[in-house]
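Should a chain be cited, it is by its letter among A, B, C and D, assigned in written order, with residues numbered from 1 in that chain.
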Amino acid sequence: MSASSRGWNRDQMAARAAADIPDGAYVNLGIGIPELVAEHVPPGRELIYHTENGLLGMGPPAAADRRDYELINAGKKPVTAIAGAAYFHHADSFAMIRGGHLDVCVLGALQVAQNGDLANWSTGETGAIPAVGGAMDLVAGVKTVFVITKHVTKTGEAKLVERCSFPLTGQGVVARVFTDLAVIDVTEKGFVLIETAPGISAGEVREQTAAPLYSR
Amino acid sequence: MIDKRVGSVAEAVSVIKDGATVLIGGFGEAGSPIELIHALIDHGAKNLTAVNNNCGNGEVGLAALIASGQVSKMICSYPRSANSMVFPDAYRSGRVALELVPQGTLAERLRCGAAGIPAFYTPTAVGTPLAEGKELREFDGKHYLLERGLVADFALIKCERADPLGNLTYNKTARNFSPVMCMAAKTTIVQARRVVERGEIDPEHVVTPGIFVDRIVEVADPAVESELIAAGRRYP
Amino acid sequence: MIDKRVGSVAEAVSVIKDGATVLIGGFGEAGSPIELIHALIDHGAKNLTAVNNNCGNGEVGLAALIASGQVSKMICSYPRSANSMVFPDAYRSGRVALELVPQGTLAERLRCGAAGIPAFYTPTAVGTPLAEGKELREFDGKHYLLERGLVADFALIKCERADPLGNLTYNKTARNFSPVMCMAAKTTIVQARRVVERGEIDPEHVVTPGIFVDRIVEVADPAVESELIAAGRRYP
Amino acid sequence: MSASSRGWNRDQMAARAAADIPDGAYVNLGIGIPELVAEHVPPGRELIYHTENGLLGMGPPAAADRRDYELINAGKKPVTAIAGAAYFHHADSFAMIRGGHLDVCVLGALQVAQNGDLANWSTGETGAIPAVGGAMDLVAGVKTVFVITKHVTKTGEAKLVERCSFPLTGQGVVARVFTDLAVIDVTEKGFVLIETAPGISAGEVREQTAAPLYSR
């Protein structure tokens, strides 16, 4: 059995991240697994979702018969707005991001380095169309940056590394990484193992991590 | 459910500490949060840096806060008033320092500070006494001054309607500095003429989104500064 | 009486000249002024620099403008699309140059350009490949890049309601870049789903004040980009 | 008879300035005589008035029984709003000013120099409370800066000078000056006389001007 079919699945990773977001937080969720965080908020907590294309108080995806192509999220998917939502323009939206008003963002990653560097926008491949979107603004401004990612790539390469080989999104920005295998903090001394998925040993996590992994 | 309402103006301002920088909304009397300012006088925090376009009228509101001795520095653009000697007296006696900032530079410093922009270049005040000590730089053949973004510990704001999430609307020209002050303060304290339920403010009409607001108190019938002054009132 | 209405989309874009920089509102399809873009294709101005968050979908709207060969440079943050090869092909063949700008930096460059701020410092992109060639400066122990304000010759904008003075409102997240683009263009050309009389838009609800708008044309029933693409349409 | 009781009166000065503002212009009027410009716009022209405290489409002063202390102008006087007005916050208001979106502003002056320097915010007197407001932003950003002022001070000193002795509001910013005696342009070579008030000679204007005054 490969590590990827053991450990946490996508929903469990999202739920584990959701558990670490405090009640009342203003949150921006990246495209992909991070979007699932909204479905796993613990009972009794309310998070307010920001989407950088100009909406605070984003609700769930729009039902098929209620789609409005002028009410979309950053992934350009039809969404809804909660009672108490607000629309605003892009400069105000990124003032919220860059100015440190958002509490948490949850992003995907290509690589996370032990010093908190994040690479998630480009593999630097020649001929690829470079596209950055709002990722560099989010990591530069949001108070706490969470990453949700599989622990290793499809071909088994480590994503938690000593130093990113891919072009950076930001320097020293990641606070905590939620993978299928473990929860790992980025600290001054490097990666620190916080928790492992059920049935996953610390040794196994260490094996799949291409940088020192300290115990708490 | 998130609910940013607090029970009284006293409770609303109780978090303000000595030495804080406090943004105070309003242009003249329009938008001045008189009840919050008076609560701050009662609260008594000292050695404050206050930021407002002006320096108060008569002996109520901002003028009363200056008169109370709680303000050690004012940052403003137009500290003159036809009807108040409170600031001039405090300034001439050296009790209150003054940082004079052109009005548009003040608004932009707040907006940039709020937006995570630590500094920007502006053509305003080049070649004037207010350029002294500031970096001068040329872009495309024109000269500009480097100005710093301004962020503050608190903002005291008056608005028209607020919902429990902190979404705000304003009334006419009482809007003025308040939206950028809400954005530029770590803790924004708002007195609303009316607190409404979630969803009552159309998301298209929200002027200040709730993310910029922390504490809300309803003051349904706020005092009108010019009426207080005409009646010879002073605070306390 | 001031009246900024013109009779057709063709007339609206007729002022756009070869070599112009053209801001194009919208984030993906939301807010994309398809009819104005198609009129610009018919008009035929060449060697344009186009500014948009993206690079178009399918073979309509912005993608069609790129396909027509009228665009020599794109300034954008996310030039990838699941359903269009127009930009990738044009970029790889060297027919279109790309200036890649982080989304928030793009929005702020427009807002600052519009506000007379020639340059500002931002934390975004420090330490990344997009910092190359940019001034790095420290403020209060943190590093920032110098970015330049961006102003343009024209903006093509889609809005919900417009009055003859050019006051605009938008619909939901179709607002996105449009308000700052209206501000940052010397000539702003707007297609409105509805043109209303003076006074019909509450002054408290105006999102773009008329001073930022020059030419208005009503397009009551604008095309929906994703529907055009689903129907296999291309322009022209 | 002194020059000041001949020449143009306050309303005539304002009317003369109004005549030079094109139809459809966006205009900011300073406190004092400049405010009178709005009362003297030639028939068939519409100007849109901006007040820097957050209103575009300012109407006439409010009638005594319709005053709203939350609808005021930059001079803090109750005003009205026209149909088609818009309210906005201070940063947006000064984006209009600084970004060159206003066509004309009309200001008062303490001194105007032959190179277009303007001094209108402080006499530099010690002990005076310095107060600048939005004057420095207006002159830095508005496309065309007009000045309306008496030609000389109450004590007979020239206000049009070779070089300002008072602290500057802006450098090289004034385009045209409307006084009680004349209309004078600021050009590359200095002051140029455009027009004199009825019954005022060019020689008289020259006498009252403390800098060379060229003919057109």
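Simple rule for what comes next: a contact is a pair of C-beta atoms (placed from the backbone, for glycine too) under 8 Å apart; a residue touches a chain by one contact, two chains touch by 3 or more.
None of these values were measured; they are calculated from a predicted model.
Visitor: In this assembly, which chains make contact with subunit A and also with subunit B?
Guide: Chains that touch both subunit A and subunit B, as defined above, are C.
Visitor: Determine which of the two chain pairs, B-D or C-D, is joined by the larger number of C-beta pairs in contact.
Guide: Here the pair linked by more C-beta pairs in contact is B-D.
Visitor: Could you state the distance in Å from the CA-based centre of subunit A to that of subunit D?
Guide: Centre-to-centre distance between subunit A and subunit D: 55 Å.
Visitor: Just give me the whole-number Å value for how far the CA centre of subunit B lies from that of subunit D.
Guide: 29
Visitor: Provide the C-alpha centroid distance between subunit C and subunit D, rounded to the nearest whole angstrom.
Guide: Taking the mean C-alpha position of each chain, the two centres sit 36 Å apart.
Visitor: Hey, what residues on subunit A touch two or more of the other chains?
Guide: If we look for residues of subunit A contacting two or more partner chains, we find 55, 81, 87-88, 91, 94, 97-98, 140-141.
Visitor: Listing for subunit B: what residues touch at least two other chains?
Guide: 108, 111, 115-117, 122-123, 170-172, 203-204, 207
Visitor: If you go through all the chains, which pairs of them touch?
Guide: A-B, A-C, B-C, B-D, C-D
Visitor: Where on subunit C does subunit B make contact in their complex?
Guide: Listed in rising order, the residues are 108, 112, 115-123, 139-140, 142, 144, 148, 169-172, 203-205, 207.
Visitor: In the complex formed with subunit C, which residues of subunit A make contact?
Guide: My answer: residues 51-55, 68-73, 76, 81, 87-91, 93-94, 97-98, 117, 122, 127, 129-137, 140-141, 167-171.
Visitor: What residues on subunit B touch subunit A, complex-wise?
Guide: For subunit B paired with subunit A, touching residues are 1-2, 111, 113-117, 163-165, 167, 183, 198-199, 201, 203-204, 206, 209-212.
Visitor: Applying the document's contact rule, which stretches of subunit B touch subunit D when the two form their complex?
Guide: Residue list for subunit B touching subunit D: 27-31, 53, 77-80, 87-88, 91-92, 98, 100, 102-108, 110-111, 122-130, 170-180, 207, 224-226.
Visitor: Where on subunit A is subunit B touching in the complex?
Guide: 24, 26, 46, 48, 50, 55-57, 81, 83-88, 91-92, 94-102, 140-141
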